[in-house]
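To keep things simple, chains are lettered A, B and C as they appear, and every chain counts its residues starting from 1.
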């Protein structure tokens, strides 16, 4: 078997005396759509922060594409190819939708761009074309000139997704991408994510509450409970895991 | 040598308690309202000038009790000024970015400085301390001026008084509750606006009182406000913004560092305060005691 | 379009050219005193633009900009007094010196503190500089460096004498124009766009792969260098450099200008500086009223018109447009 794209081993993280993650192992193969689920307080968000670079774990190692990224700050991880969104979509509210994407694209290009391009007053044609194309793809073309702060909740989430993808990540991490969305928006959002995923340009790691989303997208699932992994594997395997049924999924799954 | 050290420590403590008197009201207001009030030094200066004017009118041979009474009077006047400032300035800036609030309080300091210049002139004035505080006592070979002892006693009393107020009285506990979580306090039917006003009254009263008590400590000039505010900023930042106890310890620490630094390098008096301040912020950006009113 | 209201290149060039035209024709009809003041205002404008670049574009409040004026002015003063180099190397030296100081402060301070803490820390550093300079024997203690001459402007083979006040005034205008252009470019280019993004959400920026600390430090160094170069002009202009240039109240002048003109506009600080100069000149007979006017004005602006004068103009313009559209 080839080396997984992301490999976290023995992750421990605590706040003061409270230990939140107690030795979590997690591996994501290239091309995977990996979903982390678990009841509230299971440590999903903390794990997400440790993997994305927002927090540094107390113990354990995070490796990404052959690099040890355990203590690497978020912006360097992004440059290596880990993109992410936030639970509550964060965009640059006083910049326009278009400018938001431009800033994201330019951040990516800065790694390779020539000095001449960096010193240009206006965004280069390439960047502007790419930004327009992204806005079209994410159905944001009609609000391109709005300040991002005025966008609807759903549009903000789409915009943030577009910005994360502008960095052309190899692994995209989404923290509850459909949290607080109306059912229609939620479906639209899942469709968008699975359509992007189908292109095979990136792997996916997401945390999620909504079981429809989980089983609609996941190729593999990890179940966290009280900071420990209680099951990991294919959706079918996890669904039929008695321990998972007992502590978490139980009635949810049998009801659906 | 040992006596020198004792003298240096004594001077450091005098400086520290004078600074704490300024810093106490400042840190109280910051802890509760999250306003870093530049004008605090200005109002302290105003208190000192008020005392000066009173001595001009009724003669500068005030008794000790008279001096204290006039200082308290200055505290009351400045507290009233604080209520006006709250109404006209602070209330209108409750939900504005902290940078703008800082700039507004700085403007207020300039205004007060200008007022002082306009009323009392740009020159220096001198306040004569009450007779009982003139002179000094030898403890062993160390000379302790009475006025310095008075400043130290005032500082310690202010510290004990504030700690008692905050931790052992009902209004004090309300102030703490609002400082920690105004929203939750309002749900528990605490009148948050009234607690804010109370805090401002106490904070400004402390400024006015300190101005009166310290008036005879140094010459009065319109620069007094700016000088004292920077020293007090240092104490509350090093101590941890909003912490009375932190400001107390930090004032002592900064006083000692500056006094010993100046003793070792007499060519650069006053520079070690800034060095210590910058160093402390870099080592412990949140200060000695980080949360509001932490014990 | 964005909320910072950065003008387009053509608009910027037009405004700068207009301002330069007014400045350049000033000696034709105004007396020497006014021309001298105009030179000071031009320098103030640059300093205020650099402050506002930090405040409005980067999102850090610096209360210590006077420290960079001090570094620049003394670096230039020392270079002129003790080495006799021409003016352009002097300016570059001042820029490098203040950039270096800004880098040291930026590297240690920006990483650890933010907001009000950063404001007070910069204040402390500037005060430190003030005390250090006023105690230094070499730098003339409280009296500062006196008798600073105006070095020649050496351009290849030709050397232009700047000893004449008017000549030096034109030189000040030219340097300020270049520095203003640098500030505008830094606000409007990719560098500025990225800084605006960082100001609005630093975490989001970091997770786009942006080196947030690197950008912030670079911006702080740039503003420090520009401020220092503007400060370097003060010595030769006034022929003296004193520690008072770095006194902490000096740091608040750019804040006032930015607030007064409108910190949300690129030209806001410039408008504020000119307005304040006119106001001070008009009230110059009211001795000792500087603080009352400065403080009162600043307070009124922050309380009543937080958008500054340009903000008021913008609102009026919008109102008129809406009415005429009806």
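The rule is simple: contacts are C-beta pairs under 8 Å (C-beta built on N, C-alpha and C of every residue); 3 or more make two chains touch, one makes a residue touch a chain.
As the structure is a prediction and not an experimental result, all values here were calculated from the model.
Participant: Could you pull out the chain whose C-alpha mean position is farthest off from that of chain C?
Facilitator: A
Participant: Which two chains are joined by the greatest number of C-beta pairs in contact?
Facilitator: B-C
Participant: In angstrom, rounded to a whole number, how far apart do the mean CA points of chain B and chain C lie?
Facilitator: About 33 Å separates the centre of chain B from that of chain C.
Participant: For chain A versus chain B, what separation do you get between their C-alpha means, in angstrom?
Facilitator: The computed centroid separation for chain A versus chain B comes out at 50 Å.
Participant: What's the distance between the Cα centroids of chain A and chain C, rounded to whole Å?
Facilitator: Here chain A and chain C have centroids separated by 43 Å.
Participant: Given the complex with chain C, which residues does chain A contribute to the contact?
Facilitator: Those in contact with chain C are residues 52-54, 73-75, 78-79, 83-84, 86, 90-96, 99-100, 102-104, 106-108, 110-111, 118-121, 123, 145, 147, 160, 163-164, 166-167.
Participant: Which part of chain C faces chain B closely enough to touch in the complex?
Facilitator: 55, 61, 108-109, 112-113, 115-117, 119-121, 123-125, 127-128, 131-132, 135, 248-249, 252, 255, 259, 288-299, 302-303, 306
Participant: Can you tell me which positions in chain B touch chain C when the two form their complex?
Facilitator: Residues 36, 88-89, 92-93, 96, 98-100, 102-104, 106-115, 117-118, 122, 222, 226, 230, 233-234, 237, 241, 267-271, 274-275, 277-278, 281-282, 285.
Participant: Which residues, counting only chain C, touch chain A once they are in their complex?
Facilitator: 1-4, 9, 185, 188-190, 193-194, 196-197, 200-201, 203-212
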